[in-house]
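Letters A, B, C, D and E mark the chains as written, and numbering starts fresh at 1 in each.
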Amino acid sequence: MPNFLKAIGCLLRRDLTVALRRSTDVLTPLVFFIIVVSLFPLGLGPEPSVLRTIAPGVIWVAALLATMLSLNRLFANDHADGTLEQMALSPHPLTVLVLTKVAAHWMLTGLPLVLISPLLAVQMNLPESAMGTLVLSLLLGTPVLSLLGAVGAALTLGLRGGGVLVSLLVLPLYTPVLIFGAGAVAGVIAGIDIEAHFSLLAAFLALALTLAPWAAAAALRVSLD
Amino acid sequence: MQYMHKYASPKFFYTLAGKLTPWMAALTAVLLVAGLYLGLFVAPVDFQQGESYRIMFIHVPAAWMSMFIYVCMAGAGAIALVWNVKLFEMFAGNCAPVGASFTFLALVTGSLWGKPMWGAWWAWDARLTSELILFFLYIGYMALEASIDDPRRAARASAILALVGVVNIPVIHFSVEWWNTLHQPASVGKVGTPSIHPSMLAPLLLMSLGFTFYFFTVALMRMRNEILERERHTTWVAQLLESKS
Amino acid sequence: MKTRHKRLAIIVTGVVGLTVAGLFVLNAFRSNLVFFYSPTEVLEGKVSVPAGKTIRIGGLVEKGSVQRSPDGLKVDFVVTDLNKKLPVHYEGILPDLFREGQGVVTQGRLQPDNTFVASEVLAKHDEKYMPPEAAQALKGGTFTPGGETKKP
Amino acid sequence: MNWSEFIRMGGYGFYVWSSYGLALLVLLLNLYLPLRRRKTVRRLLHEFLRLKEQTR
Amino acid sequence: MLEAVDLECVRGDRPLFSHLSFRLKPGELMHVTGVNGSGKTTLLRTLCGLTHAAAGEVRWNGSTIHELGDDYRSQLAYVGHSNGIQGELTAEENLRAACLGTAADTTRIQETLKRLGLAPYRHFPSKVLSQGQKRRLALARLAILRKSLWILDEPLSALDVNSVVLMTEILMEHLARDGLIIMTSHQEIDVETKTILQIQLD
């Protein structure tokens, strides 16, 4: 169905254009990510072995928080100006449109985080051997963060105190990704086999890809009611 | 479906729940007293942990209930979402505070048990951590429900959240196998030979059953309040209140 | 696209997604996830432990290996997985369940001389709950837990 | 049956009894809250219906 | 043909209206009036399928709109209180995005913008437009999308006299093409048509 694919392309292009014209929105989470990670050496002292031990956890937690920060951009603007309403009334399945929006969101938040992470890894004295694992774990994990975040963002749409509420709803759901994402990096430093970690991260991604757009679309319909 | 709507009508349910509650409360009391008697006076001392294992009779049923109530909540939420039944919405919403308090109880008694047994008030093992996450999920559920003004919208939004969260329940269940941690593997769930002595299993099951009936009693009481409040525009509520006063 | 076809598409994607997730989980179970290492893994170099990194060692406290200092705060014992033995040194209060022959998880650093300095000792109690006389009987081989007691 | 022994719980009295006490507290609180709510709701509804009668 | 059967809408605990039934045939316009808070917007959103009705159902050509789902939405164009215009995008980009890839040929977009007096702003971001211009841009969607059922919530608000006349023309063209219109408006509308259904909510 070419119509259907055209719609996806059109929406993706629209979201990317809007975001690039508001470039501060895109840059804020990225800068936040860098600042948070840079604060840890200041708080803990620059001891390389200490930094190396905490690096996987710190970078992953910072990525979680940066994603949280960007979630309100996912639907809130479109909700405020009524575009979301129009999207819910379009003849295409809302689930697919939501998935497209999440993809755009990931390209503008998750992907930059992945790309900048080697720099932070150097800052935190992470051994070079762990660099690839860090990037790969973030590459598998950040889409899950965007997908689960979309459910939270859709549920809290237009509520007072939505920003704080969304972290309350979404952060507990992020824990498995955090455990296995940071665990993979820590594991490769300790020299153990981390195939299982990546396997589980991939399983989470498959599960989130299947269920989250559906839940987010249902939540959007409730929020628009 | 039409039968369901008829028997799930708030008016019918209000009277039914009113008749049922005292019996459920009595059953709860009997079960809990029997469980406490067997657990505190009859069950012998554990060969390893001494008397401290008696915390199990509170801790384990509370942990079971915390998960059971979450599943109930998600199930009722799903029914309410699909068939648009008001009664199940109310049931789901009223599960949350009771479930959260059982989760809290499981966490604190786990900590009180952990101190003498592991040497630490808290250990970051799989089960305790999952229970903590479950507690956060309950808090999030209640916060979301509280921040939406329209009760029907609130019920549907939080039902979706509960369904997303229920994916976490299997994570809790299998976390023992996944992480292979400090906490003991499940004692009763194992197929084949239960590794808990019958004299200790009996009070455990009685307490669990008592907690279950306690939960249903409290949920019915809460639902009756909510029905009255939400149906205040209807004539049957007016008639009911007039006949009472 | 007909509504019926759409429903079919939803079901198909759902099944495919869940199957893929399930396959990954199965794969994860096949390769094992570890929470702590055994003495064999550490001593035979199956895991490379960088010096100074905190790790967890799990195993049994070897019978007769526990030596306490006069003030009772310093303890030396041996953790074994019935294959290799790892001497552990610890300063601090031991949990009640710490017993010879019982499971234990210690957290600390491996020293260059293949001894272990623990910063924390956590007892790992097993899943059996039974009265002392039953445990006694179990050791004598006359009692098996659970329903089998009823057998003549 | 020795009561002081029973209270001592083999030295674990504090942990055991605080667990049971907390459980009792939680159970009673969960019972008390709906009972209080019931009173409030009834009072509110009487008021609501009375005012509705008057405005009619 | 759009039908409402025994429709009942509730906002919060407050019942808005109940037992509302009507039938709207092609070429007919329905004008919904009523005081503030009487449920005009809720009725319109219920007819779109955005809001759930507490009881009763909405039918399109005999099947309920929830059964039809996307098939119903492919016949429907809605302009609500919010214009649905993204301020960062230009007028043309906004219209293209509204079509989501279907039937967005450039000439038609240009013609429509010209007719509504928005052609000079074609390449400006929409945030520079005035309230009335934004409203016109939202209504331009109707002309582009070519749907048969138009549901319009206060389409004439913020429009000047000339625009109102222009809009009335567009509405009449749609009715002449056997389209259906449901709208709310505080102004009197002088649309000459076979039938105007008036519904008064209180």
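Going forward, a contact is a pair of C-beta atoms (placed from the backbone, for glycine too) under 8 Å apart; a residue touches a chain by one contact, two chains touch by 3 or more.
As the structure is a prediction and not an experimental result, all values here were calculated from the model.
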Between chain D and chain E, the fewest steps along chains that touch one another: 2
A-B against B-C, pair bridged by the larger set of C-beta contacts: B-C
Farthest chain (mean CA position) relative to chain A: D
Label of the chain whose CA centroid is most distant from the centroid of chain B: E
Separation of chain C from chain D, taking each centre as the mean of its C-alpha atoms, in whole Å: 41
For chain A paired with chain C, centre-to-centre distance based on mean C-alpha positions, whole Å: 33
Between chain E and chain A, distance of the C-alpha-averaged centres to the nearest whole Å: 36
Approximate Å spacing (C-alpha centroids) for the pair chain A, chain D: 43
Contacts with two or more other chains, residues of chain C listed in rising order: 6, 29, 33-34
Sequence positions of chain A contacting 2 or more other chains: 93, 207, 211, 225
Shared interface positions of chain B, touching two or more other chains: 45, 116, 232
Parts of chain A lying in touch with chain E, wherever the complex brings them together: 3, 6-11, 14, 17-18, 21-22, 77-78, 80-83, 85-86, 88-93, 221, 224-225
List of chain A residues in touch with chain C within their complex: 1, 4, 49, 53, 93, 95, 189-193, 195-197, 199-200, 202-204, 206-207, 209-211, 214
In the complex with chain A, residue positions of chain C that touch it: 1, 6, 10, 13-14, 16-18, 20-25, 27-29, 31-34, 47-50, 52-55
Complex contacts: residues of chain B adjacent to chain E: 84, 149-152, 230, 232-233
Touching residues (chain side chain C, partner chain B) in the complex: 29, 33-36, 93-98, 105, 120-136, 144-149
